[in-house]
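To start, the structure itself, in structure tokens.
Chain IDs A, B, C and D follow the sequence of writing; residue 1 opens each chain.
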Amino acid sequence: MIVVMKVDSSQDEIHAVVKRIEELGLKGHISQGVEHAIVGVVGQIFPELRDRLELLPGVEEVIAVSKPYKLASREFHPQNTVVQVNGLAIGGGEIVIMAGPCAVEGEEQLLTTAHAVKAAGANMLRGGAFKPSTSPYHFRGLGEEGLKLLARAREETGMPVITEVMTPTDVELVAGYADILQIGTRNMQNFALLDEVGRINKPVLLKRGLSSTIQEWLLAAEYILTQGNEQLILCERGIRTFETYTRNTMDISAMPIIKKVSHLPIIADPSHATGKWYLVTPLALAAVAAGADGLLIEVHPNPDMALKDGPQSLTFENFQRLASQLTSLVEATGRRLAVPGTTVTS
Amino acid sequence: MIVVMKVDSSQDEIHAVVKRIEELGLKGHISQGVEHAIVGVVGQIFPELRDRLELLPGVEEVIAVSKPYKLASREFHPQNTVVQVNGLAIGGGEIVIMAGPCAVEGEEQLLTTAHAVKAAGANMLRGGAFKPSTSPYHFRGLGEEGLKLLARAREETGMPVITEVMTPTDVELVAGYADILQIGTRNMQNFALLDEVGRINKPVLLKRGLSSTIQEWLLAAEYILTQGNEQLILCERGIRTFETYTRNTMDISAMPIIKKVSHLPIIADPSHATGKWYLVTPLALAAVAAGADGLLIEVHPNPDMALKDGPQSLTFENFQRLASQLTSLVEATGRRLAVPGTTVTS
Amino acid sequence: MIVVMKVDSSQDEIHAVVKRIEELGLKGHISQGVEHAIVGVVGQIFPELRDRLELLPGVEEVIAVSKPYKLASREFHPQNTVVQVNGLAIGGGEIVIMAGPCAVEGEEQLLTTAHAVKAAGANMLRGGAFKPSTSPYHFRGLGEEGLKLLARAREETGMPVITEVMTPTDVELVAGYADILQIGTRNMQNFALLDEVGRINKPVLLKRGLSSTIQEWLLAAEYILTQGNEQLILCERGIRTFETYTRNTMDISAMPIIKKVSHLPIIADPSHATGKWYLVTPLALAAVAAGADGLLIEVHPNPDMALKDGPQSLTFENFQRLASQLTSLVEATGRRLAVPGTTVTS
Amino acid sequence: MIVVMKVDSSQDEIHAVVKRIEELGLKGHISQGVEHAIVGVVGQIFPELRDRLELLPGVEEVIAVSKPYKLASREFHPQNTVVQVNGLAIGGGEIVIMAGPCAVEGEEQLLTTAHAVKAAGANMLRGGAFKPSTSPYHFRGLGEEGLKLLARAREETGMPVITEVMTPTDVELVAGYADILQIGTRNMQNFALLDEVGRINKPVLLKRGLSSTIQEWLLAAEYILTQGNEQLILCERGIRTFETYTRNTMDISAMPIIKKVSHLPIIADPSHATGKWYLVTPLALAAVAAGADGLLIEVHPNPDMALKDGPQSLTFENFQRLASQLTSLVEATGRRLAVPGTTVTS
């Protein structure tokens, strides 16, 4: 941590800063520049240190040098985390495709979709039983009934299932059915929920908050990791910007940034990132070209009759086309799509 | 709801849209413009209607005309809601000042602050027992111990207390101590929590989400109102923008906009909006000049020793100065500061 | 400037950084922390220094400590700049009100408005002769004809006039008529234009760019100041955010921030900040409560017939009401509205 | 255009709206919904119409249905525009790579780079002679001397050159040397400059403004097209968001959106979008996977000695690697890199 003194700070003020640092059990090194004196803090930094120094007389600003997250950082964990899900490896070099309807609406809708996406090349089934919705008047999901249908679809197709959990008291219930628990964008900083999924022994997919920086996202991951659950996957799903053409703006740079600063796998959700089905395929291809470990794609047998997010859902035919283009792209980059049961991890 | 057809849409496509509208139990009025045909939908709109129409062939876009929130809107509830809290009226024309430390840290810190802010003119005490924090390594609050201290401070000073609740299972506990339950910015779309505070008989203060539009904020309010709790106060606390000088950017226009489109009281939190104590007073004055019903201000006996948010906390002396400037301003605008026990509502 | 080394940087890399710093004629002080070594750079910093160091092996990041603007900063110019305009002082403690139509549309429109705003308390006339417009199909102003009408209105009313200049080759022309030259938000980083108005001897009003940080705004001011023109006024007119209810979001904190970090006067333009006439008065009051030195307000005799920005224009009646509320507010804060000819500067 | 009346608007108000519409030479169709009456406007819409109606009593809002740009839209120009530059075709299906230094610094720097990027596969040379810079203290380019060096490099390598023009009076000068004139992000709404490059007979590359919506970008394109210059290329270079890890956030969805709503070619500039060299290659691949017609890449012989934007510049070696990965990717998608002289247009 570095304390930058004001241009007109006095020697007394500088020494008072060093004294405070020493009282806190650390050491302070003064470096007198042409304009500003700076005081480097040496020793074990603690979270409140910055606030302890920022208000002292003569201080211009306090700059943190160390990253605030540790367990999520590549610095302290250089090797890639590979999350194993029923024989599928996420983050090990192969590309996983999680596909399915936004919301589980009923048996036929779910099973038809599950079979269709599997036939096209998906290796995991998505579907929401508990649905967050901006308006209280919109469909909020089938609840446990939806979870049961997901389990049924897994049985029929052999694909593991991923579904959202919205509140701490539902974690046990959802974990009883799902193979991966999804934390939605609005819950990225629902700390009680993060704590709770940090204590279970199931993979978790953590979506980036609508307006979260990369750093805040990794700090949310840190909540889960500090509780002991290391089976963690990140998911970029678009951030909020001023642009109104798309529902959100997919931060494509999140793919290489996460790979650089963290060891966690990262997948992309182009359906929520765009809100428009005809943008899903180009953005899915882009995400994989940029280094994503997988995709989360919404597919529906009849998008214009969907109970939720129809406009961003692919038809079976469009999903097939996506999967086929993806195959060419992945091969061109020397990687391959994951094949359940045959996965070898890097 | 209005369906705008593409420039090159065919008569068949237009009629197929009208047919779909009729199948859904509504009526469609075609209006043929120079470039676009438009189809107006007449009848009782339901939430999924938009998605049902947007994907039909030849449709360019579907535009919602009605506001998606009802109970929170002034159209359907023209008179101001006035929330009563132990003899204080919020939203009735007088200005309330809620002040106190970011986090309850201990008995002395809380009681000293409570007495100081009361003496300076505050009429409600704030203080966090459960604290959300971006990092898992930061202080997360004293929990129930903090709630007990708040109750103790209320006894000593007579001021009602406001404190945050972060998860549905804590609602009953917090409601047992607090006079107003605060929903924090990160929980504005924690729907399970909104449902839960919607079912209690205690006032709720709903902070605007970090990146929520006014409309999304009112839809979150709608969640609480639909559960039956109408004692609801909104709080603007800054939104996320590209500017990095301040922690957030206070949306000052939220004050007159909420007054126009909703009947709910609105207060401002300049402490979180700026993150810097020296900006708190000017923004507090601005918020009241723009029409806010009150303020939420962080005050600490020793900001440089605070466990949380010291840099944005006012000292007792600075808070006194704020209160005194506020008094002049409020009088100039023909309003007055609320006085507990003597409040008359408009 | 501070160079933060990577956690795993080697001694050789640290010394190579110091060597590079010395080759550039500066000195480097190594400070070895628990995680990171940091190297403080001592000596006269030059603009490209950061880039020279950032790419060296082992470097994590380079942090600038000094502010990049000098002439615009309060550190290097502690006293307030007061800009004199025909006997009016801007930035000297009194509040100026610049009012008038968005665009000059014709003689009658302009003169009627000029007389009306003067009668209500305005002390300067605004009006655009050259109008920027997002679309090429919209009204682009009367050009020199508009400038002549402004001069005519000044003669009739005695009020100085402010009008926009959009391109370097028009600076001389506009300066021949106007008392203050306005640089619009889209031109805040039109560097050729900044250079050009920096060379004239007329006051300039520099609007904040739509998506400019405070720092970028002050760097744009620095362009003008380095050319020698110190008669500079800043104007906050709203920044672009995700919120769509308003045209822009007025950054109310810009008022106290500019006062703290710079010596330049700052005024607010609530008309462009909101885009809606019914939000103009509350935001005008808020801006002055937050410390603004003045206001820029759009007024039109018939807003629904305006050639530009009618929806954000006040009628004469609404402007009168604003001026009257403003008078009460200003008096409450111990300041006063500027009165032409009688102004004394602080 | 559609006028939405307020919930409580009266029949008189509705009829007054229709009357105003008729006075303006158009027709109004009333459609009475359950909550709102709406009035559809039929006839030739003109730019100010919206403002004429928005302020009438009883009006809630006015919604534009037609796109405000025409010449730039695919609706009115269904076929792709293919821009020809010295035998290279941009927008015709093949991928162009424009590469070179941010700023032209001198003969050796430019020629070495030109030869290196050509050898690696680039087919056009970029380099700035006039450089916009946020700070007046930074390098602002060699001016005409830089243009001469670019011409020299073209002679030596045969590659066409692209360079920025910053002000209307320089257009003729720059057009005398360059093969494509670039309009930078800060000048996207420098309307005098847009008019000027609209009048020449040379291709123009229009970068998206830092905080411009897709629609505003196409309206800026419309300025150029209305002046008669149809040799226009769009360039996505990142937009401003709250994220601070990258310099900007590349809006990857701009690629398929522009392809859908416009006929103009679009290329991507991952160097400015990210500000970090190690993110350039993944984002370049992503942009092409998403449908970009080409790339604009910064390359420098010694990035740590560059006068401008070193941290985002690729070394020759890294550029070679990018070009090679790009070749595999492009082939996988059934497209190919452009080869000068052999180009056939789609």
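Criterion: a residue touches a chain if its C-beta (ideal position, glycine included) is under 8 Å from a C-beta of that chain, and two chains touch if they have at least 3 such contacts.
Nothing here was measured: the structure is a model prediction, and the numbers come from that model.
The set of chains touching subunit C and also touching subunit D is given as A, B.
Centroid analysis (C-alpha atoms only) places C farthest from subunit A.
Centroids built from CA atoms put subunit C at 39 Å from subunit A. Measuring from the averaged C-alpha position of subunit B to that of subunit C gives a distance of 31 Å.
Centroids of subunit A and subunit B (each the mean of its C-alpha atoms) stand 27 Å apart.
Contact of a single residue of subunit D with at least two other chains is seen at positions 211, 240-242, 244. Only residues 2, 4, 6-8, 29, 31-36, 38, 40-45, 63, 65-66, 75, 211, 240-242, 244 of subunit D touch subunit B when the two sit together in their complex. Remark: subunit D residues 47-48, 51-56, 68-69, 132-140, 166-169, 186-187, 189-193, 210-211, 216, 219, 222-223, 226, 240, 277, 303-311 touch subunit C in the complex. Contact residues on subunit C toward subunit B in their complex (touch as defined above): 211, 213-215, 239, 241-246, 249-253, 255-257, 260, 273-274, 278-279, 282-283, 285-291, 325, 328-329, 331-334.
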